[in-house]
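Each of the next two complexes has chain A plus one other chain: chain B in the first, chain C in the second.
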Partner chain A sequence: MTAASPAVPAVSAGRGGRRLLDLWACWWVFPPFYTLFGIIFVPLTRVMPPPSPAKPTAQIVLFFHAHALTIQIGFSVLMLAIGAGSVLNGLVAYQMRRMTVDPVFAYTYIATLAVGAIPGCLFCAFSFLAATFRPDRDPHLIALCYDLGLLTFVGSLGCFATQYLIFAIAIFLDRNKIFPTWLAYISIWQVVTELVAIPVFIFTGGPFAWNGAISFWEGTALFGVYIACLIMCVRKAIERQQPGERVPG
Partner chain B sequence: MTAEARSRPADAPAQRTPALPGDAGMWVFVLGDMVIFGVYFIVFMVYRGHEQAVFLASQRHLSLASGAVNTLVLLAGSRFAALAVAAARAGDDRRASRLIGWCGICGVAFLLVKAREWYSLVSAGRTVTRNNFYMFYYAFTGVHLFHVLMGLVVLGVMLAELRRPAGRRTWLIEAGAIYWHMVDLLWIILFALLYLMR
Partner chain C sequence: MSAQLVSLWMAAVFGVILLAAFLLFPGFFPPMPPDLTAEQVAAFYAQHQAMIWLSMITVNFCAIMLMPFFMVIVYQMKRMATPTQVLAYAYLSATVSGATLIALADLFWLVAAFRPDRDPQVTQLLNDLAWITFTVPVGMIIAQMATLALAIRLDDQPRPVFPRWVAAFNIAVAVAVAPSAFAAVFHTGPLAWNGAVSFWLRVCAYVLYVAVMFFVVRGAVRRQHQEEREQEERTPLTAAAGAEGVAP
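Moving on, here comes the complex of A and B:
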């Protein structure tokens, strides 16, 4: 919050000053949200790192028996917290509206993420919750939930690839230099990582499986770098923003 | 650095420092992309180490001629891109545009040769699921092909830049050429790993 102080001069009592405070309030959703996201997906629900696609049905049933409680706690919390992601996407889209590019870029950014949240996050949560909801269900149906959950989680490609691409193009075309060009290039790496996740629908083992070195591990490492850079760049963008600046809706 | 580069006068060859052509953002991209591909190559070598016989047997079915033609095509494209930069620096935008056009033709030729190669492999039943070698082959050449497609877009941006009546930015032409060189370099490594290494 202190970083906002120098950027809020005498006009802070007016609408502009309050708006920067609004922005900072939104920005501060980032760190707790991604921390919570990490806690939910890594230790609680065990979606990351993904368990092997080669597990036999009996082991998949055992997996859900062993982690039923944490899966239910984790994904129930996610159902409540998922909306916070919209605040972050809204904040990025708001900064995109400060760019000189057409509003269609910001609209596309929001739309791709809104649609992408379903295969990229919610579908997995519901599949795992359904698997733990009736533990005595036919093991093959539990295995189906397992496949559905992890295939959508790692293999949801199109919406995110479009989001990264549209974001990169907007940064390239923007003459106000809201975000640095290197963020656009990092965003294009993300498109490449989405591409190499295509084979997860084919392989149950090896580097291109849903838990593979290339499809999952490299992509996730790059996503971590990307999110850290995005958070930093949004922070810098707000710091540089003038309190009285008029931003189109 | 980027902001500094962008604030340069449109064409001031005399004031340019030769230390870093293009813009810093492109170098971040190129170096990062090479690290990404570096990880691919390490993973490939690990799997190759485990299944050397399968990899060598499968490799024999790749068309060495197609790979060599594509290497030459991309090298020629890189040469055209480099000449285009020299022409742009000298202020000869017409020549630069023409050279970028030739570079684009090389890019399209690469796509056509690659498509033909994939078609003949798939027709012979050598698909992505045949074995781990083909899995790597299609994945790596596919990702590289995506880079070539992006390269064609980059060439289009360079052409549009050269047609800007005022304030043409030489660094942008340089950045495009850097990208094309990277695509070329990555292919040379892929060619060596997939087609040549015994």
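Moving on, here comes the complex of A and C:
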């Protein structure tokens, strides 16, 4: 189907030799965005590593009291920067369209992450911002914001598991070798980390709680490795790409 | 009647309905101050329940009806002579996430209005979540405008799909909405969610944006149809197949 579908005439004409400016513009969003992501979620908002789900209500109020300013700074900046994530979805999906794989998986990649951005990232910010907005709120409602924020952040499993799964399968099926096979194995391992996070909805203590050794630490450490690998692999893919290459939409 | 023209008509009709719904929402004119007490917030929902239903159920039903219009922009981005189509994909992703946020904010308002006899503290929390979700996550809009602006700049052909000034216009609107990201921090002043910047500038800039983009996109679609008709007249047999193949 790749060969049969004619490209848009305007696009295919006179493209050879032009540098891939739009791809590089998108790629350069990658390293600063994930650096910022780390700064926001680790030292500023204290979502990673997450505080304990077993905290009594009074201590949850104290948590928001102690970190209110950095939570507000971190999540306000996230609200400005979050669109960078969409740019990166587009960039990876575009590289997937260069594969010898039906467009289904590239489109799925965009769709799953466009959904996942809300429950898996932004909802945590809304909940924490609501908690810090009124420190004198009923403590039980502050605890509700705490649970809403952390459970949505740590527990939005399916959106990301689907994305990791189809990304891995696409790499396995691709004969153009846009991405190396080892990236697919890391992506499969990411599916496993989403699976082991299932008990966060049930346990408030121990290794399976949202701050537990298995549910969180393994997943977070691996996520960092995964993102670093993805950034490098996308860079390599763009470097190898010929400017005149025809890529179906 | 092409799908693009249908989408433009939908945008015109539902855009006007949405604007009317926003004008009717009692919480917008004037925008609810963040420093109301829980009891005042609860009293607001009890007093204006019918109007909140009317306006927010309308928003619920009509807001996503603008989606086809934004998909016309995605399609027009794919027609641009950019090095690749990556920016159209990025725009699509940002549009979907952004649309989800308005749907979510609308639901918070409707849930808050559902039981006026609820604990006022709970109603206040729902109201806070509605305003925060409605006001602060501007990053998705900024990503839409930035990717569209870059695509227009890179559209390397004698007659670009969108005129060049549209790129500058997109950046200007992105700058106008950006400060609202800090609305969940301030209770008063221009950056508070009812403030001159976070409410008036952001809402007016976005309404103007949709209105201007409607005519820009309509111009591009009309020209595309015109070019397709001319091509059809020149080569009647191959043109039909070509028109189908435009969107793989």
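Here, the second predicted complex is superposed on the first by the 230 of 249 C-alpha atoms of A that agree within 3 Å, B and C clash if a C-alpha of one lies under 4 Å from a C-alpha of the other, contacts with A are read in each partner's own complex, and residues count from 1 in each chain.
In the analysis below, contacts are C-beta pairs under 8 Å (C-beta built on N, C-alpha and C of every residue); 3 or more make two chains touch, one makes a residue touch a chain.
Quick caveat, the model's predicted, so the values are computed rather than measured.
When both complexes are overlaid on chain A, chain B and chain C end up sitting side by side without clashing. Of the two partner chains placed by the overlay, only chain B lies in contact with A:184; chain C stays clear of it. By the document's definition of touching, neither partner reaches A:44: not chain B, not chain C.
By the document's definition of touching, of the two partners only chain C reaches A:91; chain B does not. Of the two partner chains, neither chain B nor chain C is touched by A:200.
Contacts of A:101 after superposition on the shared chain: neither chain B nor chain C is touched. Among chain B and chain C, the chain that touches a larger number of residues in chain A is C.
Looking at the shared chain after the overlay, A:230 reaches neither chain B nor chain C. Of the two partner chains, chain C is the only one that A:23 touches; chain B does not reach it. Of all Cα pairs linking chain B with chain C in the superposition, the shortest spans 27 Å. Shared contact residues of chain A, touching chain B in one structure and chain C in the other, are absent.
Remark: chain C residues 34, 78-94, 96-97, 100-101, 104, 119, 121-122, 124-125, 128-129, 132-133, 136-144, 146-147, 150-151, 154, 156-157, 161, 178, 181-182, 184-185, 242, 245-248 touch chain A in the complex.
In the complex of the two chains, the chain A residues touching chain C come out as 1, 5-8, 10-11, 13-15, 18-23, 25-26, 72, 75-84, 86-91, 93-94, 97, 106, 110-111, 113-115, 117-118, 122, 125-127, 129-130, 133-134, 137-138, 141, 144-145, 243, 247-249. Chain A meets chain B in the complex at residues 177, 180-182, 184-186, 188-189, 192-193, 195-196, 199, 202-203, 206-208, 213-214, 218, 222. Within the complex formed with chain A, the chain B residues making contact are 2-3, 6, 23-26, 28-29, 32-33, 36, 39-40, 43, 47, 128-129, 132, 135, 139, 142-143, 146-147, 150.
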